[in-house]
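Both complexes below contain subunit A, partnered by subunit B and then by subunit C.
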Partner chain A sequence: MQIEVNNLTKKFGKKKALDGLSLSIEEGVYGLLGPNGAGKTTLMCCLLGVYNSNGGSIVVDGKADPKGALLSAHCGYLPQHFDMFHELTVAEALRYFATLKKIPRAKGAEEIGRCLRTVNLEEEAKKRVGALSGGMRRRLGIAQALLGDPPLLIFDEPTAGLDPEERMRFKNIIAAVRHRHTILISTHIVDDIDVICNRVMVIDRGKLCAQGTKGDICRYADGRVFTLPREQEASLNRPYYLENVFEEGGQEHIRILSQIPQPAVARPAAPTLEDGYFALVRGEDL
Partner chain B sequence: MIARIRLAWLNIKGMRFRYFVPLILYYGLYPLALYCRQLTLANLPGMERELPLFACQLAQQLFPLGLFFHLHSFFKEQYDSGAQQLFEIYGQRRSDWLWDCLLFWAHSTALLLPALLIHRRYLGEFALLATRWALLFFFYTLFFLLLSKLLRTTLPALFLCLVYHIVFAFVYTGPSAYSLYTLDPPLSWSFLFPRYAYFFGLLLLVAALVYLLQSYSFFQNFSQRLRQFAKDAFHGKHRRRWIAGTTALFLAAGFGCYLFLKPVQMVYSYRQAEDHFLAYLQRNGLPFQPGEDDYFYYAEAVNFGLANYMDDQVEPDYESIALLEYAHVYYAIPLYNRLRWEEMPPLSLDAVADTPVNDLSMLLGEGAPSQFTMGTLHLAFRRQLCEEIAPTGLIQNEYYRRQVQGLSFAQLEEAVQTSLEEAGLDGITDPGHFAEQCTLNRDWLYQNLDLTATQKLQIFAYCRIYYTLLRQSEIEGTPFDLSPLAARPVEEIDREIDPVAQMVNSHPNQKERTARYSGESSHLGIWTSDIMNR
Partner chain C sequence: MWTVFSLNGRRYLRNPVTLGGSLLLFLLFGLLSANLLPQMPNGLQLLGRLAAFQPVLLLGFLFLSYFFVSTGRRRQTEAALRPLPGALAKQLLGQFAVLALAALLIALSIFGFTVWTDRSLCRSNPLLLWHYWKVCCLDFWGVSLLAIAAGGAVALLSQKALGVSLLLLLVFLFTPVSQELAADLSTPQANLSPLVDLFAIQVNSPQTSFYLPSYGIPNEPVRWLRVLFFTLLFLSLWFWGSARTSRLKGRLPAFLLSGCALLSLGGYLGQRQNGLYYGYDRQRAVPSLVSSLGAETYSNEPADFAVTRYTADLTIHGQLSATVCAEIEGGLTAAAYPFTLYRGYRLESVEDDLGNPLPHTVERDYLTVFPTDSRATAITFTYRGNGDMFYSNSQGVYLPGYFPFYPMPGKKILHTGEGFTTPIDARPKQFDVTVHTQAPNLVCSLPSAEGGVRFTGESDTFSLAAGLIQAEEKGGITVVRPIVGAVDQGDTFGVEGFPPLDETAAARQMFEDYQALARLCGVEGPTSPPATVFSAGETLPMSDHWYLFQDHWRASSLTSPRYNAIAAFQTRPEFLPLHTFYGKSMNAAQVMESAGLRTKVALWDNLMVHYNRPGRFFDAALGDRYDPESYYYPLLLAINQKGEESVYRSVYQYISDPGDTRTPRQLFADLGVDLAGSVLQPVEEDSYAD
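Moving on to the complex of A and B:
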């Protein structure tokens, strides 16, 4: 499946949630990275036809898809807050979605079983959705997205609020299904993208800042990342962006991002995806 | 279509026990309320008219609430849950919501129809009822879904439906061009269709609005915000506070609106009307209490339009009518109980305390009791008497004491003779027969136009004593002699006569005599002294 988004604009009142955004998606696992309010959810909703765009175009496999009908018919979607059908059992909830997705009844039971196995919820099939933990509900959300084996999967903030064990489970699920689907994962947690995705798109304030492999994003921070003991922070040239504080050899160190030369006490470091992301979204402040 | 039915079934499963709430309303609460009402009206002969009215009103108040509850419970996952977007994304056809609407409507109507069938005795013709409620449910369902689709949340639609329902089913129940409900005139095909066509016009307008507005981004934005707000408020972690706060706010706003738009009270229960009547009396220095003679006579005078019941604090329309009707009921129910045939059930004022006083007044005027409470010769006599008393400024019992009970028997006899002479009735050859006629067939004297009511009152009192003692002497075989009574006051003789009158009335020979007369009160025989001035 090939998706081309050209110059997409979406306004909410006077605010532009998407501002002439262009990107392309082919096979693979795509990470959509951006701070809160960057326009990630709006982009997904425009792709799926939940919102009508105010300008631009979406082309799916060479065909224009202004209302999102082509994509929504071939996609599984996990919304940011998947929380519904508390009184139904897990299997019944999935049967509901299978019917909604027009999966034939004969095939439905088999599909539900397959998806439950994939997300490791087989034993909870007869439990009420309301009795599931937050992580399990998220897995149920993934299961409903997988129903019907759609070529495109879109996950909106799938790991937000999950404990480390559930996040690991999610990564494992993605690893298990990545070969059969094009997957678009929106998040502001860089670690998730780092492990799961082979392509990354960074958006901020409704615009695409960068698109490429993880290495491509890392390169935006080349020569701009430094580490130094925290006690030496006063000697740094401003402006710089303090990324994190860590301990090394029993001493507290800091990791900074800066576009200007720094004194010798600040040792250059190899950039990570997180450095690249910060370089893109904090670039103007530095 | 089969897929929509399967989804609907899962939706119903998801409602769990909430599914049965409307059924409890239709098949538990409603019949129970009807039964309780039936018990309170058990002694009222006009129950056959009062109960259907109550049944219709209660149906209009309860049944739509059941529908709203089902609507919200059924569609909340689709419009208010955390994954509402999934319903829009997963291959929803444009017509799907219409199927949902039709399925839900057919299901809700089917749930209600047996209730209508069971209660058709009170509610009216079943075909008409079923059509009316099906149309009403269709209107609400379509309106609810259109608005929910437009705003992407059910809460505003639920709120609007509830407000409309409360206004027209509880606050203002009178006839209105804007009301879907009706008690008056009674349902008919010719009434039903033009009226509901008007509302379907409104639905078309809403549908057109939904069609036009839903593609505009400003509206998407608005609905998105509204939905987010509703979700945060009612499904977020502070939902208890929100629900409590919103409820408190609505109650406060509702109370404020009530104070501002305070509806005119159009219907007064008997108890409420009594409170207002008492308040009027208190304000005007008439400290009578229900059960006292003075209170009864004041109500009688009001009933005949001879005493005031209005001051500047009495609302001129509904309240004043209620006071007048209260006086009528307060006066007419004891009158009926006194004059009724033995086989007719007595009426209790306590049992009807919560019944609208205008209904009671109507029942007394149109039902079985009316033969004793409307247009009778006795009432005409009492009216005439009250008119004669009014210029004296006396209350009826004071007047009676002055004109009858305060006199000696000789004085009363003299007054009676004078009256008879004036009326040309002085040539009576058989005084015993005359006394019997005046005692057992009061209508005969009531119809005499040459006597005043006061003269008739005196003749009734004299004849009662005369006839009772005459019959006693005939039954016991003792001599008949009135001379020892001459100097004694009538009030004293009256009290002594009561047990004698009771003895005479129960004698088989007397019963034969009584049966000869067919006047309104002939079946009572000789009256006891306590009702002689009532």
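Moving on to the complex of A and C:
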């Protein structure tokens, strides 16, 4: 499946949530990085036709899809906040979604079983949704997205609020299905992108800042990343962006991002995906 | 879709709030019905009592729906469904269907109890079964559906705090609270009730809970329209809530609310002129209307002209629309022609048979026509409106011949303070009446000439009835009566009530009692019981008496026979003086002025106690010997000395002759009665003075 987004604009009142955003998605696992309010969810909703855009176009496999009908018909979607009726069992909840996705009844049971196995919820099939933990409910959400084996999966902040174990489980699920689906994952947790995705898109304030492999994103921070002991922070040349505070050798160190030369005490460091992300979204401040 | 429905149903049953709430409503109405069933003689009374609890259903389903739908929203289920075309709408439809089914089960239980109460009648009268079903659909299921739609709409479109406030607002609007408040805040100059009429979906008010055997429970199109309008309005908000974001979506609620407000305001400005406001919907106003009618003071004035023929074309849907042509004996040669037509009918035109529009005046129930061409021989009246308690709409008709629903010659008192059955113009007339109506089982006192639509014949007046009635022959008399039977007014606080009416036996008894009284008074009465007796139709707050028209009788559900004979006898034209006096509040000057008439009425009333309840008469006669206002003892003396016939005849002639200005003492003196020992005994100084 090939998706082209051209100059997409979406306004809510006077506020532009998407401002002439253009990107392209082919096969693979795409990470959509951006700070809160960047427009990640708005982009996904425009792709799915939940919102009508105010400008631009969306082309799916060469066909214009202004209302998202093509994508929504071939897409599994896990929203940012997912829950299901607590009174239904896991199996009933999936049957509910299967019906609404117009999966034939004869195929439904098999499909539900497959999805439950994929997300490792087979043993919870008869448990009520209300009795599931937060991580299990998120896995249920992934399962409903997998129903019907859609070519495109869109996950909006899938690991937000999950404990490390559940986050690891999510990554394992993605790893298991990545070869059969095009996956778009939006998040502001860079670590998740680092492990799962092979292509990254960074958006900020409704615009696409960069799109490419992880290495491409890292390169935006080439020569701009420094580490130094915390106590030496006063010697730094401004402006700079404090990325992280960490402990090394029993001493507190800081990791900064800066476009201007820094004193020798600040040692250059090899950029990571996170550095590249911050370089893109904080570039104006530097 | 079945899966969506069944899974939402499981959700509904597994949630303690929705399950508990529904069970509570079901049990409440079930227990109510079971408890009331042995106390109610028929299903109409049972339904009427249960309808008073309709606001409980409204409240219950309003909050149940709000909870059920908002739970789905709180669970963020919608977010995953939004991208799927039609998924959200199907979910909402499934939720609505589950709630609607719960409401239907309650309505069906009520229907079941009602039909069980009248099971044999329902088997033989599909109309009654259909009526019960319609009432249950409208007043229980329909109102519940409205509440479901409203509660769900609030849940879909508002946050929690605002949602609860909106729910309370809906409770205020759709329960009698708003109507009560509007009524209390209204003044004679500004009636606020029409502003909230759009929301008046209840059949009963807190003060008035009743049914009419011939009319049934009111379920006129106006209430159907109101319930349907709001249900669709709120359902449109459900599906607007599931629609994708668009420019229209942001403005649709404003359009819909504006539409509602305009309709309501239109009702206020239009004063119930538009199609939404018609029907027998004045239950709350009728008792006070009857009281105010009875308190009005004006006199009967018989016409000095005769109407020889009436040709009437009546259309009865939401109201009565009539074109009535009255042919005047000798032509329109007089300067003015007074008629009586109930004030609820608005005249649209008055013309003569030559096409000339005729000037006329209207004051309350009196209209006076001033002819312009003495060559004309007839007056045509075109009017429309409602007779209030004398209802005429597509559900039922009750237009008895003593009620001026067509222009009657002369000025006739509408209500004496005791009842509507005041004398009419008793001269025979030819009637040619065509009736267009969808009201079921239409019956006219005149013979049918054309397939139940046209009726012709000669009589002093004609009556119309339709609704939950049936005409059946019993013992040679055709009785037109309610399907469920006449009112059975049981014992109240130890006072003996009235048993159900057997119209045939009552008619025969009435005939005998009337004949006996007529014979005593020396006048002629009917020579035989009538061919047709109308026992259908009721007025409020009390049932009117028997009325003996020339070709049919109107029977009362009150079954004190001799009193009904008296009341019917008093509808003869010669009793006009009595009806100008009865029940009227008078000031001191009027009392002094009418001393003679007041005395006559008291004398007649005392004599009628002798006819109706001899035991009480004798007790009163002996107990009130020295009461100057009581004539029991003098009458007792007169009857003992001169015989019943002589006394009855004398008193009858005394009261029916306006020119007879004798005092009671003079009357008894002329009769030759020795009044020694009574307050009327002669005194030496002034033999003939009171």
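Simple rule for what comes next: the second predicted complex is superposed on the first by the 286 of 286 C-alpha atoms of A that agree within 3 Å, B and C clash if a C-alpha of one lies under 4 Å from a C-alpha of the other, contacts with A are read in each partner's own complex, and residues count from 1 in each chain.
Criterion: a residue touches a chain if its C-beta (ideal position, glycine included) is under 8 Å from a C-beta of that chain, and two chains touch if they have at least 3 such contacts.
Everything numeric in this text was worked out from a predicted model, so none of it was measured.
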Clash-or-fit label for the pair subunit B, subunit C on subunit A: clash
Contacts of A:P79 with subunit B and subunit C, given as first, second, both or neither: both
Contacts of A:G13 with subunit B and subunit C, given as first, second, both or neither: first
Which superposed partner A:V59 touches (first subunit B, second subunit C, both, neither): neither
Which superposed partner A:Q144 touches (first subunit B, second subunit C, both, neither): both
Which of subunit B and subunit C A:F97 touches, first, second, both or neither: both
From 380-388, 452-460 or 470-478, the subunit B stretch with C-alpha clashes against subunit C: 452-460
Intersection of subunit A interface sets (partners subunit B, subunit C): 45, 48-52, 72-73, 75, 77, 79, 81-88, 92, 95-97, 99-101, 105, 141, 144
Subunit C partner contacts - residues on subunit A that touch it in the complex: 45, 48-52, 67-69, 71-73, 75, 77-88, 92, 95-97, 99-101, 105, 128, 141, 144-145
Touching residues (chain side subunit C, partner subunit A) in the complex: 3-4, 7, 10-11, 14-15, 71-72, 75-77, 79-85, 87, 90-91, 244-246
Residues on subunit A engaged by subunit B in the complex (per definition of touch): 10-13, 45, 48-52, 54, 72-73, 75, 77, 79, 81-88, 92, 95-97, 99-102, 105, 141, 144
Parts of subunit B lying in touch with subunit A, wherever the complex brings them together: 3, 6-7, 10, 13-16, 77, 81-83, 85-92, 215, 217-218, 220-221, 224, 231, 235
